[in-house]
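Below are two complexes that have subunit A in common, paired first with subunit B and then with subunit C.
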Partner chain A sequence: MSIIEYDVIVIGAGVAGLTAGTLLAEKGLKVALVTSGEPTACLSTGCIDFCSGKDNPEEAIAGLPAHHPFHLVTSKQINDAADDFRRKMARAGLSYWGDTSRSRLVLSAIGTFKTTCLVQETMQASPQNEQEKIHIVTFAGLKDFYPGYIIARLKNASFSTFDAGISTTMGIASLFEDESFLETFLLWLEKQNIREDKIAVPAVLGLESAAAIKNKIEQHMERPVFEIPTIPPSMPGRRLFNCMKDCFRRAGGVIYWDWQATGAEKSGRVIEAVFTESQGRPNSLNAKAFVLAAGSFVGGGLRADHHGISENIFDLPVLTAGKRREWFDQDYFSLNHRISRAGIVVDESFRAVESPWDNLYICGAILAHVEALKNGCGHGFALATARAAAESLLETRR
Partner chain B sequence: MKFEHCIRCTICVENCPVFRVNPDFPGPKQAGPDAQRFRSEKDKTVDHWVMLCSQCKRCDMACPSGVEPAGIILRAQQRYGIEHPRTAAHLLFANNYYLSRLGSVTAPFANLITATGIGKKILQRAGITSYIPFPEFSFRTMKKQNKPASPGRKKVAFFYGCFINFYRPDIGARIIRLLESFNIDVVLPPQWCCGLPALGNGNLALARHFAEKNVASLSAYVDAGYDIVYSCTSCGLCLLNDYQGIMEIPRAKKIAENSYDLHEYILRLVIEKNIRPDFRAVERSVAYHIPCHLRALKIGYPAAELMKMIPGVECHILDDACCGLSGSYGFKKTNEATAVQLGGRAVSLIRKTDSSAIVSDCGSCRMQLGGLSGMDAFDPAEIICESLGIAPRWKNSKKNKKKKETGRVAAF
Partner chain C sequence: MIKTDVIIIGGGATGCGIARDLALRGIPHCLIEKGDYAAGATGACHGLLHSGGRYVISDPISARECYDENMILRRIGEKCVENTGGLFVRLPGDSKIFRERFLRSCDEIGIPTEVISSTRALELVPALNPEIEEAIRVPDCSIDPFRLCMLNMKTSQLKGGLSFTRHRVIDIMRSHGRCTGVKVMDTGTGEQQEIFGNVIVNATGAWANAVAKLAGSEVPLTLSKGSLVITNHRLTDMVINRLRPASDGDIIVPNEAVCLAGTTSLAVEDPDKISIEPIEVDTIIGEAGRMIPHFNRTRIIRAFSGVRPLLKSQKLDSREISRGFQIIDHQNGMYSIVGGKLSTFRLMAEKMVDTIMNAFNLKKECETAYQPLDGQEELSGYPLSKRLADMKNIVCECELVTRRDVEKIIEQTRTRHVGDISHRTRLGMGPCQGGFCTFRALGIMHDMEILSPEQSLGALRDFLQRRFRGIRHALWGDQLREEQLVEYIYLGILALGHTIEHH
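Coming up: the complex of A and B.
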């Protein structure tokens, strides 16, 4: 039994859940968010991909297959979602660069280029072609970053190694927040006799004040500095999550950490409450409407086993894209594994088709036909569908 | 134990406060699920760094796969504790309850020892640091209160915990009056240390000893229709989680099902019975430092909801930073640097909010943050009592003295 009656319960603390939650809370609704653990957004590069197929993401979205749920979102909603996101993140101290009409490249830790759309300020100066002259600074013993991969691919790159005394991403990032460490680092950097046009560092430039730290290095060295995203633990991903979480809180939202939603109380055509695991007593949260943004398989929204693919909170019908033996391509690195099409099919109102629930809205990676890896539509898709789902919910309330 | 469920995503590592500042600790992923594969029942444990985990449970809360790294590490800590000679600090803090009893009976004398140079030197020899002043023992502890309940009223057995009992019984007395102001009959059942300090110092047997006594005492009250209310979030987590889990105490489930956090309990009353408490305005801007163990209780932040109802209170919720003290953890010489750095980070986040005071449910968080910042640190119950006009009946000697030790703060 719930002690507080909410207007909306959002399930999932990823980009989709936090975006939808913030929009609804800003409209004065009483919103609570439940999450089982932290979202996969924390592990991401923090870059916002809308659709990476073409130089112009908007055109790329228009060219997606007909059943792709991106077509349920209007181009105005996509633009609004990007603008609103940039504005809110800037206010929270995390500036994003870029817009939805132009793709942008980010140099990856293996020397390839990743196509994305909006990037954090610390990645703004990332090279846009293989010819640019860059000097990579790495850290002694840092296990998660090998400059050799990049040097092997880019002929105009060189590197040097700084000994921070700590060999983990988290540890170095936390040292950078300390001004005396930054000064030592700058003194060392001066002596490296760097001739290249740009300086690259793995994404370890602090957690709370990354842009300020980057700016200080730029001023000191008089040339652009940029971060190269690393494998998790990913500081840019965590910056994104922390700032989105703050926005949601500031809008008046409440977060219940590690409340694994296990089922729902239903009556007629409405969901009345979700059940959650808790210490001691079982718990449940009542609300007038629900937003399901629990992510796909890794996020925990979908579950695959020998019998099929299921969604376990509301027991919604899941599009499973063929028999179990057809889920996977023979080639491991293929982008065409059919299982990545699995998910919930929704209509224009972002409610599940073939299911009776009037007050359940669904957005983000749990939707069917997304194929986020193949289409390069990760966080951008989450932002856009979350906005569309929230607007649909508000429309119905009216 | 679900260490096989770990997909190595490292979200736990991102959330580990100790890993952030102490390179000797390999982080929850390695210390938990990864090392678990190599812990054989036959060989003696060699991973001494498991003792560097402060058991804040942030990794458990962050894990999307339900692995509970802190739970795995806690078990490894117990084994390490059995197989290796215990340091003086571990022994002393595991037996905190008995020491505190001694301390409070001899309060003026004991306080003199912990506050003077010689006393501090002795403690340092034992591996105990004093970068923040030790809490002062109170001569006055919680007295038994066992008056018969009136029929038809809600009955509460209050589990006040060691911090209130030995250091701040004045807060305990105010909490009782706070509950009574909601027409609740409050009794103080016979109770012992919850067992968490013993568990945290690798002494499962002693923790079990305490737990069994508590469960025997509290069960009788549950059977008689009492709800158990705790105010210390770490005691609460131990009652709800560890008694059933690692300690495997029979009947612990019943205790867990009937135990409530103080503010959770009041909030339930207010909402279910549609009570409108006579909250008078309190003009305060407070930084609400959420104790790690309140997060881990999975009850949300009920005190924040209550403070929202008080006119004039501006409450900034901060739940991203661990204060670093973690009960007795930060008082150990080996953990001092970790505790000071984490505390410094938490204090700098508090300062960013421009609040005039700190609020936190956990006594040791308040001790750490109040000590490092020089700011006033209150229990949320104190703010609620202030709003309801429940004034303290007596003052702890501590409050009259102005905190001297603020020199450290300049560093942050």
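Coming up: the complex of A and C.
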């Protein structure tokens, strides 16, 4: 059994957990983060969606239903969250573009446009309409990228195929980190006689120096280059996770990797410790306060079985979205599946309503009523609620 | 205009079996199917090639037919039949009197049985409930209904038979009271054409009455819905039956990498309007879980229903209605063949073609019981080593389907339907239920320039909508997590949802 006592234990290494953890560590608290493994953020496009329903994310947030947890965050907190995130990522070498007063579009791998807010520099030149003239460069054997989907929808697009000798996104991304590979690629690209205004590539332009690689191709080809996000494994998602993880560590945070939180020790109105399991060995971590940012179902924060939905670390009350037969709408595309409302209901202090724990704060996708896909409340929602939860925690400590 | 001798409507096991039988007897024929082969009850069953045990008390004649056909099919179709063997297990509380009747009836009919101890049964199937009293071994097999239909059609195609899938019969033409042909419509393009023939065989299963009506005839049917679930693991290598009178959830069948369990039985009116109730899923899992306890914890990857076309009877519980088949001569040049079951499809085809031969005074014996199914050389069971050799190009990781496999089917059929590829390769039939590989299969169609821009996302959307219908009743636990990830990929990363608002 561990006897180290932390000020705060954060559960979950996604955007919410790392944001809250970093903010608290920066304030001089001794913070540890436990995670069962890589977060779902690694699978994401790396784009930061706040609320993508309208042209203006801030207005879209204001228009969300009354019980939506975004209303528990002030607009100052939202703006601070975005600014702070951009500043920190830029310092870590991953520049983000955009601001919360304007939505922007990113071309998807099937030729549709995804609405988002902040994008990595490599997606900054993504077309904003179907008329733009683009040339897509794909890589031989890439299983999850088919330019035909895009060509079918964008009338002014064409494509060519480069054989990198490797056919996984991760493999190609690591090749791009090597200068001689980049030079071979540029020589080949030159010969393609590209006439279009922009050059598109699936998101494989390196892991660490994506923006620099993109800039080199742009300079060489004298036109904008942009990445198209791929389905997982996603390099932009991994870049985001790596940089956020570095920020947290630089702020003094400790990560317990591959530590699955399994339960908690409770006493009176406080949580004393979380129980964890790592390689079959039980352990426990003590702290004065806890932040639950374990995500929704995919992340593992919520669990559904055929009787109902539960949260299994602290056994918090879960808004369960009706009986099992009511979880899903008949229409797959309606985005009105009740299960996407399931989660933990919190008050303005980001503590669970109807639960007695004074030192447990909850943020991110595990919150009830988020409806992430319907409302486009993605990483931006995680950033904002994590900030608000961290501030609430600091406030209470004082 | 097409002219042929026999027009077969319906591409289930019966229709495909009739096409093969006609081909072997040298009779020109043309098969019309509104979807793909095995799209109705054939493809929506558990793929059990009955030993006959299941019907031995309620319907001894059917039981004997099953046993004989079982022996024939394992001989002629070794590449679509897996000789798993089967067990009837008796749980604590199950009637001993039924056990005695079961053994006696099997003996009278000639179905070989072997009573084995629970210890021996657990050696054969380690996942069995250790509390079973005993088990009776029977010669059950598992059969791949999709492959079975394809192989039957192969013979038809080799002998010059015609076939049109995704063509719907919209009218049956008549002259002087006799049927002279059918008007069909391509369901993709809407194009119509006429096909003339001397005889029409209506082998449309649950849709038999609707088709007969086009010729002014009737087929009295009782429709019975049977629901099934699929697990993501092969929990047993043998077919497991419950030793009791037929009831819900008493059969578990291994099929390639998965298991199917079912069924339920509920009367329905319209075969095109069926849905699954959560209670059916719970019942099947609960009952199957009594035979193999792991069922309660395993991932259910899909729940689906088929409609059994049973001969009309006054009996209220449709399970009591004979599973025997019947040939109806409508006296206007059209025959309907109804009832029966997958296990006896070949016998049904034989009797149907015999009837036609008699009517036209033609003499040629049926050969379908002796000739091995054509096209089996190309299949070799589950050639894992062969597929792994092309590992880099695997597009369906669950079922190890390579890009080349997919390209071959597209070249052969020029299909724009992912379902057609699934039926022929098992693409998308594993745990992710096509969540990842469908995007790839359609991408390959794009590469091969088969899809028009309009079809591009439409095909993806249709597939996801259909897929959802099958999986939405079995979503909890890890299966739900995987499904939410798939949803995030299509609606989040690929923004497939937003295009709908624009349309």
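Everything below uses one rule, namely that the second predicted complex is superposed on the first by the 394 of 398 C-alpha atoms of A that agree within 3 Å, B and C clash if a C-alpha of one lies under 4 Å from a C-alpha of the other, contacts with A are read in each partner's own complex, and residues count from 1 in each chain.
Convention: a residue touches a chain if its C-beta (ideal position, glycine included) is under 8 Å from a C-beta of that chain, and two chains touch if they have at least 3 such contacts.
Since the model is a prediction, treat every value here as computed from it, not as a measurement.
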Subunit C versus subunit B on the shared subunit A, clash or fit after superposition: fit
Superposition-derived comparison: subunit B or subunit C, residues of subunit A touched: C
Touching partner for A:P232 - first (subunit B), second (subunit C), both, neither: both
Subunit B versus subunit C as contact partner of A:G171, first or second or both or neither: first
Contacts of A:R281 with subunit B and subunit C, given as first, second, both or neither: first
Touched partner set for A:D305, first subunit B, second subunit C, both or neither: second
Touching partner for A:R249 - first (subunit B), second (subunit C), both, neither: first
A:D331 touches, of subunit B and subunit C: first, second, both or neither? second
Subunit C, subunit A and subunit B - angle at the middle CA centre, rounded to the nearest 10 degrees: 90
First, second, both or neither for A:K88, with subunit B first and subunit C second: neither
Contacts of A:I110 with subunit B and subunit C, given as first, second, both or neither: second
Partner chain in contact with A:L43 - subunit B first, subunit C second, else both or neither: both
Minimum C-alpha spacing, chains overlaid - subunit B and subunit C, in Å: 5
Contact residues of subunit A, present in both the subunit B and the subunit C interface: 40, 43, 167, 232, 234, 298, 300
Residue ranges of subunit B touching subunit A (in the complex, touch as defined): 7, 9-11, 13-16, 19-21, 23, 27, 60-66, 237, 240-241, 256-257, 259, 264, 267-268, 271-272, 295-301, 305, 317, 319-320
Complex contacts: residues of subunit A adjacent to subunit C: 40, 43-45, 108-115, 141, 143-149, 151-153, 167, 229-232, 234, 296-298, 300, 303-306, 324-325, 327-328, 331-333, 335, 339, 372-373, 378
Subunit C - residues contacting subunit A, complex: 277-278, 282, 285, 392-393, 395, 436, 439-440, 442-447, 449, 451-453, 456-457, 460-461, 464-465, 467-468, 472, 475-477, 480-481, 484-485, 487-489, 491-500
Subunit A - residues contacting subunit B, complex: 3-4, 36-40, 42-43, 165-168, 170-171, 174, 232-234, 238, 242, 249, 254, 256-260, 276-281, 283, 298-300
